[in-house]
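Letters are used for the chains, namely A, B, C and D, taken in the order the chains are written, and counting of residues starts over at 1 for each.
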């Protein structure tokens, strides 16, 4: 089953290293401000022939070498990992933002990498585009965006030009809350549909995508200006600003004291999550 | 929209803390060796009313208090988190093993928790049961198992009694490779189907589940004894035992040297992944 | 395993018949104009205990009796079947509109039934709401609508109040093209989210749903008025209005003649499907 | 947007007709006993540019011409339609067996066509392989089989060589119950995995597939011989053999009489569906 005397897997590592080295050289030469590792090859087709632990250790080694090489050569931009759960392989290690964070933290790489979030890769996992952006943001690894759109009823990466204004708005909302881009940006990782084969289609598709994200930015900024959504969220957690809540946040309270508080308290209130009301606010801003 | 002067969310924390405290007390009293946090409540229904970062910080606070309380009271067993991606809520923070690892590592909780892997929760994410077990194993957090079976064509947690011998075999294979259980075990988180309402059905269902896992254990042990699968995997990565491969593992080589190696090398080999052959081996062991 | 001397399955048929009889009586008494058979019980949990052919024959018998009974009693309204693919059972016979049509046509029931299309049931199959409405329309069985919204990332019937204006617009477009409602209408088969538990939430949710469909109606009507979409489609098939196309439609041409036509023809044109352009038109109408 | 003076869509019909004509000629010349229409092109990418009713009418016209041409030329074999729900297009008209039946019955083509069921296309819809085969069987259109295997966690047509013995067994069970093949057969519509690139892999993959279906046939035949499953199903519906059940089957009873029967009856029995027990029987036969 195997050739003897050869070292195919170690050679694959060496080939990958050589390729990445040259791509980093080119990035520096061209004044690039970001270097993206796309998550579409490292992964497995079946666990029957795979040692996942070994492969992940090796992936970490490659990334460490890449960072060292790049920094030694003076690259000041960001290194990005782009999560993708599957396709072409059955399972890819950069499954989603959380998986990448688990990996980066295990190998002490979390200071060296940011994430390049692709909308269609998010939905392939089962997350919204906004979810992936928010996970990146709250963990300090938001970096860049591959803008496109999946078909929620299809199970592959369609890489459609984005035209859904809801998704673009929620995406831009996260990007604004992340403080916008530093080294990254919005890149259309999109292709025209099979039946859109004319040069005109290509122009119209980019226009459609740009218009969608431009409108998303306008609407996201209006949502923030409007203030009702943010105010609702702030108020929702306001019970942590004083009293028992404040003690919890400051970690100045124990299980015993919390039990005592509960036993002493006469009545408890709950508050509505008001999802339908909040969705109405969004529609009132989007369609006005 | 809100009641004033109340502290509903901080109170929810306090109530949860009191409940967990009492459940830990009961666990200690009963000589329990494990305490499972089930991932079916912490999460969100919509990002419109949610501050994910705030909620995750709070979740970490609760877990830290729980660990401190339990250890102070002399609990020597394992704390477990049971990943579940959704249902009842839209998104649950303990999405899968990798997400839980990202969380535990962020808050320095990775030494305190192991994972309780449920088969049906794995497939709800898009992972196999074996995948989740292997991710837990290679990260040193394998703990316990909720045995059941999902229907791969249904999008909810069916909690069916497990009767698929393939899945049970691959699951037991991972458990054996993890060195078996320490404090954990196999718990049937399963219920009879709606139309199986007789006492006889309950007995037959548990028998079916136990027979399935018992057969899975026998077959997993035969796969290891047979040796062909393990030998294939070992050989697959054997190029890392010497030469360039060894240098990579020892991290004694740089991008520059790897490029040089590649440029000097005359020809490269690749080896088959042999998936179909390996699947045949499995069938030859299962059906013999 | 079985009780003897009883007739549980035939009794279930009798009980169902008695229930449907009484519900039809009540419908007539109340001046109802529609009677819906909801597709959530007839189906199977496993093929191991099921004779699908037998069950479908029986279902047809029940529906025939229902039609006969209702018409004899003077019911002039519509009978509806509401497709649903699964949940609670693994597979339901009224899977989608096409499955229902196959069934109705087999048993000569297609003149007696129309369809009640539910948005969330459509997406549970893997269809859009618009798709199901159009399949019903072009087959002359469009009847009524259960308005709600699924979560495209969740695999169960969420019955959310509809707030997505795209979906409402495309749905209303089909309803307008079907000539609007006759006996049917739009019914909110929706419930507030778990965390929306106040009376205010219920009012706000219905308002949100009604506003969404009202806006959908306005936008759908503007799409028709605008004319660009309809014109594009008409032009796309205009080659069937004369020449070879006309002969095809009139079925006045054979394979031999079509081959001859092809062999004689010098060059062939193809035309763009222009999807991105058409999606831009929709956005320009929706967000204006 | 459009070329003028051309007839692209009618020409596409003519080109398709010419191709099908020549393929039928070749089939006859080669003594072929079956002609399969594969469902991977007729469908739509977006409803924005599509008139589904028009396209389905045209598809029926093409199929009618094909049947007429083939029969006139003396082709005595079967015409098959192979359902596939999507990929490459978003929605394909031959979605599943039920959709094809709805179509064939609408256009009076149900006497002329049988179905070629592909395992992976079944699971892409959300059906099991066995389900699709049984729907074909009970509607008298079972014809032929494309044997392969999908990955239940991936959303595209993987066309994997089949190695799951459960699926092969349940598939062969349906084929045996359909009386086996007449003009059709089992065709491996499968390809080796990307990493299985050697000639040896191709041989081993076909062996794996054939062994799987051969074992499936042996096991299916043992299930029938064993008799417990069939006996259970027969007994489950046995209440239709006499009394009220017999009257229902003979359609000699009305809603009024059924209500009277229900009101007179003292108590009702229900019987267990015994799914777990039946699954145990299957395992006891498969792993013995």
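Keep in mind that, in the parts below, a residue touches a chain if its C-beta (ideal position, glycine included) is under 8 Å from a C-beta of that chain, and two chains touch if they have at least 3 such contacts.
Note that the structure is a prediction, hence the values are computed from the model and not measured.
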{"item": "Where chain B and chain D overlap in contact partners, by chain label", "value": "A, C"}
{"item": "Chain of greatest Cα-centre distance to chain D", "value": "A"}
{"item": "Geometric centre distance via CA averages, chain C-chain A, whole Å", "value": "36"}
{"item": "Whole-Å gap separating chain B and chain C, where each centre is the average of the chain's CA atoms", "value": "40"}
{"item": "Centroid spacing, where centroids are CA-atom means, of chain C and chain D in whole angstrom", "value": "23"}
{"item": "Chain D, residues touching no fewer than two other chains", "value": "1, 45-46, 49, 86, 126-128, 153, 193-195, 200, 270, 272-275, 277, 279, 282"}
{"item": "Contact set on chain A toward chain B in their complex", "value": "1-3, 6-15, 17-18, 20-22, 45-54, 56, 58, 61, 64-66, 68-69, 85-86, 91, 95-96, 98-99, 101-103, 105-106, 125-128, 130-131, 134-135, 137-139, 170, 229, 232-233, 235-237, 239-240, 243-245, 248-249, 251, 254-256, 258-259, 261-263, 265, 268-275, 277-279, 282"}
{"item": "Contact footprint of chain A on chain D as seen in their complex", "value": "1, 45-46, 49, 86-88, 90, 124, 151, 153-156, 193-195, 200"}
{"item": "Chain B partner contacts - residues on chain D that touch it in the complex", "value": "123, 126-128, 152-153, 161, 163-166, 192-198, 200-201, 204-205, 207-208, 211-212, 215, 270, 272-277, 279-280, 282-283, 286-287"}
